[in-house]
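The first chain written gets the first letter, and so on, giving A, B, C and D; residue counts start at 1 in each chain.
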């Protein structure tokens, strides 16, 4: 339970979420503040009085869900980082969650992050949809996650750059490749030309199969539907002087 | 310019077998091998071969290489050239090569491409540290040169190569800490696996490497492994670490098909055969007239199949060149029968699927 | 280190030679490649990658990859896994892309 | 894929993306670019990517002057994070015969009169710039320090990104299968992914311009020639200038990441759009280059490839509307220097299509010159 673990119980989480009807009506703030402490910035932050005015500064916040439009102003004002905004119908398959994140480096729009649960375990990948950096230095990050995870995801973490080497000759990592694929380079030849991958002394023997696997994963296409790229002579390097010495003799 | 009836690219089991058959038929044959040693992967194989008598079963790989080379030694119309890398194949029919440091052009009337396969690699943080080797490199060190690659090794991959090389490592005096396999089951022959288990080597299926670490100067010092879930994702919390000075990667082979691409052979991707393979007819001809394939470049199989496909390619190329032997049709049929029997068991299912995909008729 | 006794292989060593690696004398046999001889002497960091300067060693041992390039008798970018050692050879670690002589 | 556009550009090489960029910059709307494979898949991704202002014809001087200045400021203008890697190491044009020496002198005088600060160098002065050079065959050289080299992939991407930021749309892997006309005018483009209705089509298909024109039944006075290039392993910097010689038939440079790129014209090349590599190129190139730069003999060749020069009768490009088919524009026939001229191409084509006053003398580059016989002569092409 919360007092022992720092993690709210399922009952507590359920009590913080609005009912399904309200969730379906649009973005709404969810406040996971269960212990009376002397603190009221959330109620002060809300321009629509959706967080009901406190009688006592020790009150726990109470929402009028119908007034909330999910603007997220309270998210960046809560000293306990206890508030998120959930938009379950953000797209056909994904829900949007706005959450506070006070670490550097900041995530970038379009970046794929790990979505963490309330115990800090990665439970899914999440795409960063928006990053708002307010003056008070509590940025609000919007992420898209699978709809069934809205009650689970409560934090993010930026995956470490995967510095596994794809191309030894030109020192290109899998993070480099993933970033170029995300920028729209979606074939072996395009990646070769923009990164020099496979253009070194090994002639692409080690790296091309690895890149094709990365492309296949990123594009969600079987390798058989990708093209392997061009195969240019020569297969082993040869000195200019030795080639120049060729006299056509047999 | 070297004019020759048949150019054979590669002096491994497939290329040597092709040269024997084409040479027997009377063709002038030039075999070019990039290494200074002939025999391809055979020379690194210290284990007794499977198969049947026709594919030299129970002989060890390096002995088979000697047998094939001794046979070729008797043939005056066959030249075998080590230290000779074929560089390129052009659409005007000219092939170029570096032969003992010299640039040469060759105009062959037919070609058997028997370039074999190259090892696949794997992505994980630290994958380029010194001390991380392809399985072939480890074999080269210990079996070709008698040098111990390391003291404590983890093997990635429980296919035949991973299992065999693990065993060979132990014969070379190296401690094999574990064999790690991403699939839920062991891919190689189970007799190979049992050989290792009774030596006390654990085999972890549904496991893979998470990362490798090492100091700048000495290279690899430890590997962290973890368990995979049913979607091949690492399970956090399942990590365990071994202190080792080498990691050996045996995650499969990929056909070395660059020359076939260059000459315009039609190719198809076959995962079970290791990657892109050429379309070929039953008798090993590619979509390009006069260009034949033999061995792993046509799809990764065992050395026994490589030898038979080499024989078949050699006979077919000789026939294409107009050479005759009294029993050519029967010899070809014998090769086809041998290949069918080598591929017919449950361990041959993926190969049969690959062949079905790539085998066509060009007439 | 070299294997002294092998259950299957009858290891025949050929003529002994000496070469230097970054100034240190190394003993080898003349049918070995440079990379093999260095391994036998316990040296396995052979090169450093061109951009990130990561240490690299023998990886494929058959000239496929570029992991083992060194400066041999003044010549840069020599694939040491397929170059045979010779008596008196001067082998040096390569930093960067190598200078052409 | 959209169904209508104001302007459709065919070809995702450097010319196509610059035309698109300048069109939008000058106020065009709804511009779509179609590329059969991917950006730079054709000649752009295969070219030497040298940039020079040393030409023998005034028009080429003007065009390349404009282009070079554009590239100098492209980083700011196009706002491309990676950078286009413009390395201005200078071009050395080597003269080895008396005729060539005389022509080189004339060219330098012309260039100087147009404000291009090229100069003649003695063999000794040339060797100071390129110590590797064997000067025994060299009578003199022309040098211009502002010439140089670009990364063709990043340069194309920089224009493409800027084009998209201005609202342009790019469809890659989209083969044009037909060009439709109504009452003798362009009415649209058929692609493998659908039809786009438009009244303006720009043919910027490089080596394949004739094939694209043929889709509309138009026969162009152009042909495509195969040219080979080789690239070496990268080594530490040792040659900062681009070397070229018409009499010795070669060009050669070391690019920023260390590789040498070199090419020469080989005789008897197929003109059937084949771009497979040529079996005779390597030894011809190796002999030529080791003769001039003997110390490269130990440098290793990594790869060779070929690409198409789209040749016009007078080795100058054609910027024009097809006279018999209103709405069908052509930017082709670059004869091997389309990459370095690309900003001039983009601006000129935009002005031509949008009916703007010419910044550059592109009016001389129309089809008229072939009828009137006023061909533009250019001596300086490898």
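Quick note on the criterion: contacts are C-beta pairs under 8 Å (C-beta built on N, C-alpha and C of every residue); 3 or more make two chains touch, one makes a residue touch a chain.
Predicted model, so just to flag it, every value in this text is computed and none were measured.
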Comparing C-D with B-C, the busier interface by C-beta pairs is B-C
Length of the line joining the C-alpha centres of subunit B and subunit C, rounded to whole Å:
24
For subunit A paired with subunit C, centre-to-centre distance based on mean C-alpha positions, whole Å:
45
By residue number and range, which residues of subunit C touch two or more other chains?
49-50, 54, 56, 59-60, 63-64, 67, 77
Among subunit D residues, those touching two or more other chains are 233-234, 277, 282-283, 296, 298-300, 304
Out of subunit A, which residues touch more than one other chain, so two or more?
165, 168, 200-201, 203, 205-206, 232-234, 236, 238, 242-243, 246
Could you tell me which shape the graph of touching chains takes: line, ring, star, complete or other?
complete
If we count contacts the way the header does, which residues on subunit D are in touch with subunit B in the complex?
274, 276-279, 282-283, 304
Show me the residue ranges of subunit B that touch subunit A in the complex, using the header's touch definition.
1-3, 34, 85-90, 96, 98, 101-105, 118, 120-128, 236, 254, 256-259, 261-262, 267-271, 275-276
Which residues of subunit C touch subunit A in the complex?
49-52, 54, 56, 59-60, 63-67, 69, 77, 79
If you look only at subunit C, which of its residues touch subunit D in the complex?
50, 75-77, 96-101
So, in the complex, the side of subunit C touching subunit B is made of residues 1-3, 6-9, 11, 13, 32-33, 36, 39-40, 44-46, 49, 54-64, 67, 81-82, 84
